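By written order: A, B, C, D and E. Residues from 1 in each chain.
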Amino acid sequence: MLKTEGVTIRFGGLVAVNKVSIHVRKGQITGLIGPNGAGKTTFFNCISGVYTPAEGSVIFDGKHVEGLKPHKINEVGMARTYQVINLFRQMTVQENIMVGMHTRLKSNFWSDMLHLPSERKEEKFVREETEKWMEFVGLQDMANQQAGSLSYGKQRLLEIVRGLASGPKLILLDEPVAGMNSKEKEEFDALLRRILDLDVTILMIEHDMKLVMGVCDYVYCLEHGTLLAEGVPEVVQNHPDVIAAYLGGDE
Amino acid sequence: MAPLLELQDFHYYYGNIHTVKGINMQVNEGEMVTIIGANGAGKTTTLQTISGLTNSKGVRGKIIFDGKEIQGFHGHKVASLGLCQVLEGRHVFSKLTVEENLLTGAYLRKDTKNIKEDLKGIYKRFPRLEERRTQLGGTLSGGEQQMLAIGRALINKPKMILLDEPSLGLAPVIVKEVFKAIREINSEGVTVLFVEQNSKIALNTAHRGYVMQVGEVAMEGFCKDLLVDEEVKKAYLGG
Amino acid sequence: MKEKIRSNNLIKCLIAVVVALLVPAILGFSEYLCLIACFATIYIVAVSGLDVLFGYSGQISMGHAAFYAIGAYGAGILYKHLGVPQIPAMLIASVIACGIGALLALPASKLKFHFLSLATIAFGEIVYQIASHSPNNITGNFNGFFTDKLHIFGLQINTNVKFYFFGVLCVVVFLIIKNFIVKSRTGRALIAIRENTQAAEGMGVNVRKYKVIAFAVSAFFVAFAGGMYVNLVGYLHPDMYQQKQSVLFVTMMLFGGSGSLTGPVIGAVAVEVILESLRMFEEYQMLIYGILLLLVILAMPGGLVGAAKDLKRNILRRKALKQAGKEVK
Amino acid sequence: ACGKKDDKPADSTTKAAGTEAGKTDESKKEEGGSEAASGETFKLGAFLQLTGNNSVAGIESKNTLEIMIDYINDNGGFNGQKIELVCYDSQGSPEEAVKIASKLVQNDKVDAIVGSVNSSEILAAGKTINDSKTFMMGLGTANTWMAEDWPYVFRATVNNANLATNTVDMIVEAGFKNVSIFNGQDDASLSTADAFEKICGEKGIEVLAREMYDVGDTDYSAQIAKLIKGDPQCVYMTTSGNDIGAFVKQLRQGGYKGILFSKEIMSMRDANIAGNENAIYTAASYPYVIYPNIDACDDAKIKEVLQMYQDVYGEIPTTEVIYRVYDTMMVMWEATKIAGSNDSTAIKDAMPEVSIEGLGGPLTYDDGTREGYHTSKNWIYVGDGKNKDFTTWLAEDYDAYKSATGREY
Amino acid sequence: MSMLTQLIISGLVLGSIYSLIAMGYSLIYKASGLMTFVQGDILTIGAFVGLTFYRFLKLPYIVSVLLTMVIAFGIGFLLEKGVIRKLLNKNVMAIYIILATIAISYIFQNGAQAIWSSKIEYFPSIFPVDSVTIFGAGVQPEALLCLGAAAVCMVILHIFMTKTKIGTSMRAAAMDPMAAESCGINVSLNTGITWGLAAGIAAIAGIFIGPMYGVYVTLGATIGRKGFSSAVMGGYGNMYGAMVGGLILGLSETLVAGYISSAYKNMFAYILLIVFLFVKPTGIFNERAIQDV
């Protein structure tokens, strides 16, 4: 589904991501781990169009997408969440999800301005669809609350469902359970599986090894911008380099 | 012995939202105490209010540090009393170099000569920072930023240090390092109060713990007791 | 339930329109008071336009007097020199302003807050300079530009009372358009950009495009207001398009509260009325206005509409506090 | 500093009324005063720029208006009606002027209006006022607004275009063949400079350079460098407000020693800014001049007017708007007397018959131009706040100037 | 003397006045991330206060300058404490702070008129000579004072902001007030001092240009705006940038007026600014990215 080949990103002299090639298979959860500053987020930013790779290519569904603007990337079927929560804080939960559906809607400026029947019909569809998504993560009671006033965990959920609302084929999650406690993490596990059931593939950065080991089908480990190891979770977990650089020895 | 820090019937309001609903808490000198609890329980609010970083209008109740009532004090005033906080999400000064960041932490100190010494001490504890002393804070990796934030609080030679989710977003290996550092700091005589989502590591590190739930203290006790408590196990340690 | 809210809103709007139409009668058909009311309608259109830009897409402009000038001079020149009827002339001038706004926005939308405000100030100055040193003296430069009073299909709008009804019509049309724009996919995209540009882009919003749209729309509104102005007053002078005027727009918007339908309306009317009623203080008028403005900002950051919301919230908070007090006891 | 009206001694106006000017009008007052001694007041509206860039003229106008109104009221008012002033700050903004005009005419229902010193404001407000058939006298000096076809609008101040003609005559009289022009961009400065350039063309004076500046500019060195590049025999300048002093100073610093002709009279205050030495040899055509203090005034009538002002405000005004306002009010008074009524149309119709001696010469309105002044005087600044008659100066001091500066033409 | 020398020298002088104002803007931006519209009016107030001490109260010049600076510092400090800080504490949108500074600018301008009247006041020169000659061009001695003051201020401020503890802490406070507060920095006091300093510099500029142009209530209005443009051109927040930006603006104004047209010189200045913003928004000194998307 998503393939990168030799992606390299530089900031001035620093090579943040160095010739990274990964392969995300349809219907799977692929994990991306690595020490802090390894370049995981940067790599995500590159896939989602925030940065253009200096070298290498990003192929999504058989098409080259490197260098496309983020909003184009969203249009081709990739959605993402951010390491630092990036909600529209003053908008309500419902409106956040509505913005998420932006690319799926056809109305343009003129039909909006004139409030044409086609636009009205679409608005109705949007409202119904939004209800569905809120139910999906259990936010329906908070539809009219401002996103900024939600608790941290709920904000995370909202961010994910906002991404899902754009109807992506692939969703990129950047440390989705950071700041959640163990119980919430377990609930999250189940949510990931429900997302898979929607036919959405997942690529996820995570430091929580328990979660990674539990849900991922395939794991890549980055260090200093280069790929250190890849394979099914057990293989990566026991890889000596990964233990040295990332997991640390047992106490 | 009187506690170094004490909260008495402490409330906090964000506007009309009642986030902390009357908690009592003590931290004795030399102790290491942790607060755990679900998201939005009011842990950050509590820590930041102790440090005088929230709007003082919302504070009710008493905060006593070192025998002084400090509720409503400005942040810099609290810091000058020797109570320093490592903020949630690190908050390093992104456009200052590592060394400038650390020196800014020593802003309050009058004994300019000894700062050099203490700087060396910090670098000894976190050699990574010494390697990057001229790099801008904003370009450090997450773990390095966390170390920097801790170092910045330590250089002020505080009596007590508050840490808000020190493990947030850190790789497992770094988490271990950070908690090792916290233990060392405590063993050197600094009182520590920290908030942590990773309840397992928190309860394994601290002496005593408080469990917060929607603005109230649900449970408190020695960590070794909390670790085996069924409810805590179920809610926070994940089976 | 939702339908009920909607029809409730509709009734409120209708009442507002009816009240607006009764204003001349309330003012006793005084030509002077109606003139002030006419200016209020002009400002409502302009400030609502500015609000699309700032209140919704989060871009600031301290140079919208430029579009006001383009609309006014454009409408005047098209009518006077090219013989275009007045209403089409207003529309054409607004479209021209809209285009210029879009062109300006292409590079300007990249700039952050302070720098955007500066770029727009500079743009305002440039337009002012052109209006005052125009090629072939087409704007009349500092000697000013005269034109006729408005007439539509042979209907002479030669009194302020008559113009007022025309003004209300314009306000209603523009507010409806604004309402449609902000309550749609486009509007949500604009708010998303205001709230979090990065996330909006990530959600598939073409940030650049929508920023340009917001700019163009606001330029259209403001330019149309300029056209209204020239047809009301019949005289233009470059000094009306200095930065002071842009600041007045911003003041009105913020005074009422940005990012809402009612805010700009209330703001435009309130500031207009305040300025007018301070007139008796002669040379101290602007000093008092400055002090008043400062006090209002300090007392109600968020404007009148924001203050009303705060008040509501405060009452709720009082209740909550009281309840908490009881619980503690 | 400008709101001193309150602490005005109660008897100050009586004192002014007891002066000669008051006495000469005493007889006339009897005729008009007997007719309409009703308790009604004559509402005089005024719009003046009281704040901002050029507000000093507006404030001094307002001060003078108040003095003149007290004076006229003490002497019978307009046909027995006491005058009451309604004044607003137009802030230099044409839009404000429009609103004020409407307020004055429709809300305050004033009987007549005295207009702004700023021509742009008169242009904006004039139509409303004229259409409402309210008698108005403007205080500006630009030729633009008087060119509009507004039969209710008059003035008792000079017309800059006429002055420009006189100034060209001065240049011819001094024997100069060429000139450089420096002008401001407000409509009075601009239109005057335009008129001047045109007349120069007609009279065979070569214009070597023409430069301009914007309101708010403080540095003119680039313009000056260009102005004096061809070493013109003299320079003509139309500045507004506060700018003349700084310009003359910079011009002299640029090394220019020639005679400067100005749209405005050099005052002591401006000369101070320019540096007194620098301001010397600034010439202008104007009906009257500004004096540094009352003692320096050698014109009995003007002295009296200045005295009235000083009695109330503690100092004499810095601009010549005091004369403009005085003349304006006197002309209005005379017109109401002739009309025998305070109705705007009647006053308007009576205007052609007005013929009085203004502070700067005869004021007559019989030629249909609605202009009062048709003559002017020529002056040159000779330092210490003194202006000297230009022709006299040419005869007495020109040679000394030539040998001192080496500028012989 | 060629016209070019004359133009360059006057451009530099004019530019140095802009620079002084620009430094105030940059200082405030660097230390609090805020934008203000009152610098120009503080220049006016400074000129009037200086005038009052020097001409009306007949104090020695140096004393007048120092007193004026102290008063201006106080004004700036109080402004921050009384208005800006109050608004910041309420977490208002940045635009309301700008609007507040605009309101203050109205108050200053009209207040100055109420106190000192709208007449132009003559500020006696402190130098015995009216003009000195450099490279054949006549320059007012006060102009050289401006140039010198600008250069000195630039160096001092730059060192102050980057090399001293207080300077570093000010920058830290601008980046992250909460973290700064937790380090024991009195953020509120710091920013108060910054605003005070910025006001002090503007007031100096006012006292220096008073003798050149006379003192009147709108003296600072245009200069203030040009000063702001200069700050942006140089790189907002950078002291060297403020200086260089000011000089560039001053030079381009005089050169355009001298070689192209005086009617369009202000238009050229603003076109130059817009071009700068669009093409090189980080300014000549590359002070931090200011682009949004």
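Please note the rule applied: a contact is a pair of C-beta atoms (placed from the backbone, for glycine too) under 8 Å apart; a residue touches a chain by one contact, two chains touch by 3 or more.
Fair warning: this is a prediction, and the values are worked out from it, not measured in the lab.
Identification of common neighbours of subunit B and subunit D yields C, E.
Ranked by distance of CA centroids from subunit A, the top chain is D. Two chain pairs are in question, D-E and A-B; the one with more C-beta pairs in contact is D-E. Each chain gets a centre from the mean of its Cα atoms; for subunit A and subunit E, those two points are 47 Å apart.
Between subunit C and subunit D the centroid-to-centroid distance comes to 39 Å (mean Cα coordinates, whole Å). A separation of 75 Å divides the Cα centre of subunit A from that of subunit D.
Multi-chain contact residues of subunit C (touching two or more other chains): 133, 201, 207, 283, 286-287. In subunit E, the residues that reach two or more other chains under the touch definition are 109-110, 113-114, 263, 266. For subunit D, the set of residues touching two or more other chains reads 2, 51, 55, 59, 185. Here the chains touching each other pair up as A-B, A-C, B-C, B-E, C-D, C-E, D-E. Here subunit E touches subunit C in the complex through residues 29, 35, 83, 86-87, 90, 92-96, 98-100, 102-107, 109-111, 113-114, 225, 228-229, 232, 236, 263-264, 266-267, 270-271, 273-274, 277-278, 281, 290-293, going by the rule given at the top. Partner subunit C is touched in their complex by these residues of subunit D: 2-3, 50-51, 55, 59, 62, 87-89, 91-95, 98-100, 102-103, 105-107, 120, 123-124, 127, 144, 185-187, 190-191. Subunit E makes touch with subunit B in their complex at residues 89, 165, 168-169, 171-172, 175-176, 178-188, 288. Looking at the complex, you find that subunit C touches subunit A at residues 177, 180-181, 184-189, 191-192, 195-196, 198-207, 213.
By the touch criterion stated above, subunit B contacts subunit C in their complex at residues 9, 11, 13, 15-18, 21-22.
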